[in-house]
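Worksheet: the structure to be examined is printed underneath.
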Amino acid sequence: MSTKERKLGSVGEFIRRPYVRHIFIIWIFVTIAIGLFAPVQSSLMGNSASLEMDVVKETMTIFTFWSAPVAGLVISVALYSLFGWRSQGETAPTEDGSPMRSNSKVVVGWLVGSSILCVMLLVWGLAAMSESHNGSDPAKIHTVNVVGNQWVWNFDYKDDGNFSTPVLYLPIDEPVMFNISSVDVIHSFWIVEMGVKMDANPHETTHMRVTPTELGIFNIRCAELCGLNHSAMFTKVHVVSKSDYKVWVDSMKGSAQ
Amino acid sequence: MVKRILSSVAVFAAALAFVGLVASYAMSKSKEPAPFSATSAGTVATSQGQMKHVTLALNTYPDSGVPANFNSDHTDHADWVSYGPSTRLEVPAHSLVTITITNYDSGEVLNNSFFKDVIGVEGTATLNGKPFTSVPPDHVGHTFTLRPAPINHNSELFVSVPLLAVAEDAIPAEGYTDTPNVITFSFIVGEAGEYIWNCEYPCGDGSYAKFGNAMSAERWMSGTLSVV
Amino acid sequence: MSNETHKKSKGIMRKLNAGTGVAFGLLLGFTVNYLARKYLAQGDDFPFYGDQVIISTMLAWALGFMIGVGAFVGPYRWLMNRDLSYEDQMWLAGKDAGTARYFRFTTDHKVVGIQYLVMTMVLLGVGGTLAMMIRTQLSMPNNHFINHSMYNSFVGLHGIIMIIATIIMVTGPFGNFILPIMIGARDMAFPRLNALSFWLIFAAVPILLAAPFLGGISTGWTAYAPLSTQAPAGMDAYIITIIIFAVSSAVAGANITTTAVTMRARGMTWDRTPIFVYGAVASVGVAIPAFPMFMASQIFSGLDRAMGASFYDATNGGSGWLYANLFWLMGHPEVYVILLPALVALLEIVPVFSRSPLFSFNAAVAGIVGITGLSVLVWAHHMYASGWAPNLNAPFMLTTEIISIPTGLLFLVFIGTIWRGNIWVRLPMIAVYAVLWNFLIGGITGIYLSDVPADMALHGSMYVTAHFHYTLMGAGLTGMIGATAYWFPKLTGRMLNEKFATPAFLIMQLGFQVTFFGMFLVGLEGQPRRVAMYDILFANGNKISTMGAYTIFFGALIMLVTIIDSWRNGDVAPANPWGSQTLEWKVPNPIPLENFLVPPVVTGDPYQFGKPDIYDLGADKEKVEV
């Protein structure tokens, strides 16, 4: 039987300690579990109806992936401690635990790791924000004015005609710029499945851009408590083909006389 | 020991009772008026075929409507404008609903001229017997604006009808004018569900944007329409 | 000489208590109310009359109460050049006074601490009751349990009551009772200000509770303008409550900071000061600049409502964004005011229950300082969707995401302390584990929300509500429950009966996970916040949430009963049942009036735990078989 000498406190020795191996295994399991969970939140948000919502869903998924190892570390150490380092019985422990007061390698490593993670989150976020500002041909952007009232949304089409409706119609795959305002208190214009939202402020105009990518009927809900019937401040957006949109605009222009 | 158990049970029961008391007090203060059902009026031909026809008669007052005995539910704010006799309306499913509103109140300028137009009605609305599609935006008394409650997420019914204001000089010092404006309009309701309606003319005097006070209170200028 | 010692004071001071406070407050309140209603201009041209009457009545009640409870005796006597004598001060400190001292203007920090604990429990109870009303209404998509304006009021009141409760819940009871003993002091730097800070809250609470009877509030707890200008008269109650509360917090903040900085025992250098002191000071330290913003925002709101000012009226030169900025300049630091004391209380608990020193004390301090410093730079992440300053969204995303770094350091300290400890699983330690779990979820969901595009989808939805409940309730309140379990023997002289408290705690935690899991679900599906009725799509998630809420309620009732029973009949506690090393455990139960007969001298930090084993011996080698 041959023996080998290993320096205590070295990395090699550290990873061979039984509790380290156990924690490592738990860490792998937990990280994978969180990784498997990562797409769940995006799928609960329903089918994406816009380019902007695609970005939101990707962000939720990838941020979960990136947080998984860190969360896994905390959970695995905490879980292991309840079994591997537990003092038996209800009475005070008769012996103390480790006298370790610090470990500069660990602190520095943790700081560096969390800073790198932070930078990754930031870069992703900035990239996502600039994506939604990517200009396409300004001439092809539809403009719709959104007016928030207590407790009704109305939409003023000034670009594609001159009429107002309580229900929104948009053509598919074409960017829309909303100019949003309120006549009374603060509301928030939220097209749920398109993942975009902007407050409607009294006597100010805010702007929000979206490009619908799916045909269908989607929900517009007010997202800022605005009084008694805030829960009823709800309407729909119909995303239709470009030809159906033209038909609709013509019919609205006709009846707006 | 028994005393301890008993006092613990007593504390538990007292806490439970407190919450229960708060709940029952809140419920009693939330009491809704009895539903005001539409009157049947036979059947009628509509753009969606032959349908049940029902009617509802409502009034809008410059105050709580209590002296005229139209709405005894309104004693707490004598000076608030109100709808009457009830804001909780009930109509049968798959019917043409004809609402007649008698407006006793004067008015001024809308916050949003979108509400000067008649929207979402079946056929034409009439004002004092004559058909109309909009009113001057600076002479609006109230509106009746209805949309689905979110539980009704398949419906897109949106009805908004402006109620022309009574001229200032036709309002007497006491009581109500002899020449109110009578507005009649109809709309089709589909399957059972819930709708929320409220006035969109700012008549909540003394509050920001004039949408406080009566405008922000159920049983006054806001109500429900249940399709049963 | 005998005449002096037996002379009974003729002064009013010794007759004043909470009862006289209430009496005088009611007297002054009714008088001013009568005068206001008689003499203030009213009629169609004077629409502010109602608010003016209410505001003056409330201020009169508060002033009358403070006079009646004896808050001004000290300054008055000083002005009259008859400063309080030693006997007066001992009487004020509650010497030999029995239970009566809890019902008057007592300066002993231990009395104030207990008063704060009871006040916190009352506020949590009222806020929790409102939560049950909310969840009952939301159990069905179109429930008619309560009407919509009452629902909106309950949501707003639940919020502000819980915010006030969670702000005071650790610094109030434990910052007052424990902290001075922990640093070896005889009392706080300003004992009369200590009592003042408590009784100000006592004066404010009836004002807030009057709100539902004045028509309620139509806003959430954030009281956004200009909806707050439109709101019914209950809004005035909210405004006055906050103004009074801001004074109370400022006073308490000055007191705790001065005490910690100047009154530590000999030998207690900053590196030997318990981490709880750091967290308490940092938390009130950031409250001192932040809460005046809240106060200002409410003063302007009151002026808009009661005097026709237009701070927040965009048609008249004002802006709702002014309110939002002032509010969130307070609102974000405020969540750390809530969170930090709970976390540092747990950082005191975890070394004791791991029998291991705090891992990297310096990292803990750096984490606390980092969080506090950055907290004043992140406020507009609450305003990404407001449209106020779209160009500032990216910089605020930067500062918000950076704050995850010092927060992460605190996680490191927790797991580093647990690492190779000898874990004693009692309720204070169970709370540590629960908080680690809840704060992970709260923190990571916060990271999603800090990302601007993701926030555009999630802002104003129930997802946000679930996120902040995980942080403020899952980490904050749960931490406070752990702190209560830990310091219960010191505050009450008895042991908390864990046979019931621990199952109650676990039931509450289980209910908590279920409640807010349901809320994350409906938030992702698209349910907005603060709605009294919702789309049928959200029915299942809401049912789950409501069942979870009833579970929390059940667990909370058991916890309440256990706390009361243990307080009155629990096992008498030894001076140091946990084997902790901080100074408060060195004083006997019952604690003498001035804590220490002889001021202690400190020679080391309070984390001298640890029995070295082979892994600690450093550079030695071990022989292993291969």
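Read from first to last, the chains carry the letters A, B and C; within each, the first residue is number 1.
Note that a residue touches a chain if its C-beta (ideal position, glycine included) is under 8 Å from a C-beta of that chain, and two chains touch if they have at least 3 such contacts.
A quick note: this is a predicted structure, and the numbers were derived from the prediction, not measured.
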Arrangement of touching chains [line / ring / star / complete / other]: complete
Pair exhibiting more inter-chain C-beta contacts, A-C or A-B: A-C
Chain centre separation (subunit B, subunit C; CA means) in Å: 42
Inter-centroid spacing, subunit C versus subunit A (mean Cα positions, whole Å): 29
CA centroid of subunit A to CA centroid of subunit B, Å: 39
Junction residues of subunit C - those touching two or more other chains: 148-149, 218, 226-227, 230, 531, 533-535
Overlap residues in subunit B, where contacts from two or more other chains coincide: 149-150, 153, 208-209, 211, 216-218
Residues of subunit A touching at least two other chains: 184-185, 202, 219, 221, 227-229, 231-232, 234
Complex contacts: residues of subunit C adjacent to subunit A: 148-149, 152, 155, 218-220, 224, 226-227, 230, 314-315, 319-321, 354-363, 385-387, 390, 393-394, 397-398, 401-402, 404-405, 408-409, 411-412, 414-416, 418-426, 433, 436-437, 440, 444, 447-448, 450-454, 456-457, 459-461, 520-521, 524-526, 528-535, 577-579, 607, 609-626
Interface residues, subunit A side, partner subunit B - complex: 147, 149-152, 154, 156, 164, 166-167, 183-185, 202, 219, 221, 227-229, 231-232, 234-236
Subunit A partner contacts - residues on subunit B that touch it in the complex: 111-112, 114-115, 117, 119-120, 145, 147-150, 153, 156, 158, 160, 196, 198, 200, 202, 208-209, 211, 215-218, 222
Residue numbers on subunit B that touch subunit C, as the complex places them: 4, 7-8, 11-12, 15-16, 18-19, 22-23, 26-27, 29-30, 32, 149-151, 153, 194, 204-209, 211-213, 216-218
Residue ranges of subunit A touching subunit C (in the complex, touch as defined): 1-9, 13, 16-17, 19, 41, 44-46, 52-53, 55-56, 59-60, 63-64, 67, 70-71, 73-75, 77-78, 81-82, 85-87, 90, 92-93, 95-103, 106-107, 110-111, 114-115, 117-118, 121-122, 124-126, 128-129, 132, 180, 184-186, 188, 190, 192-193, 195-199, 201-204, 206-207, 219, 221-232, 234
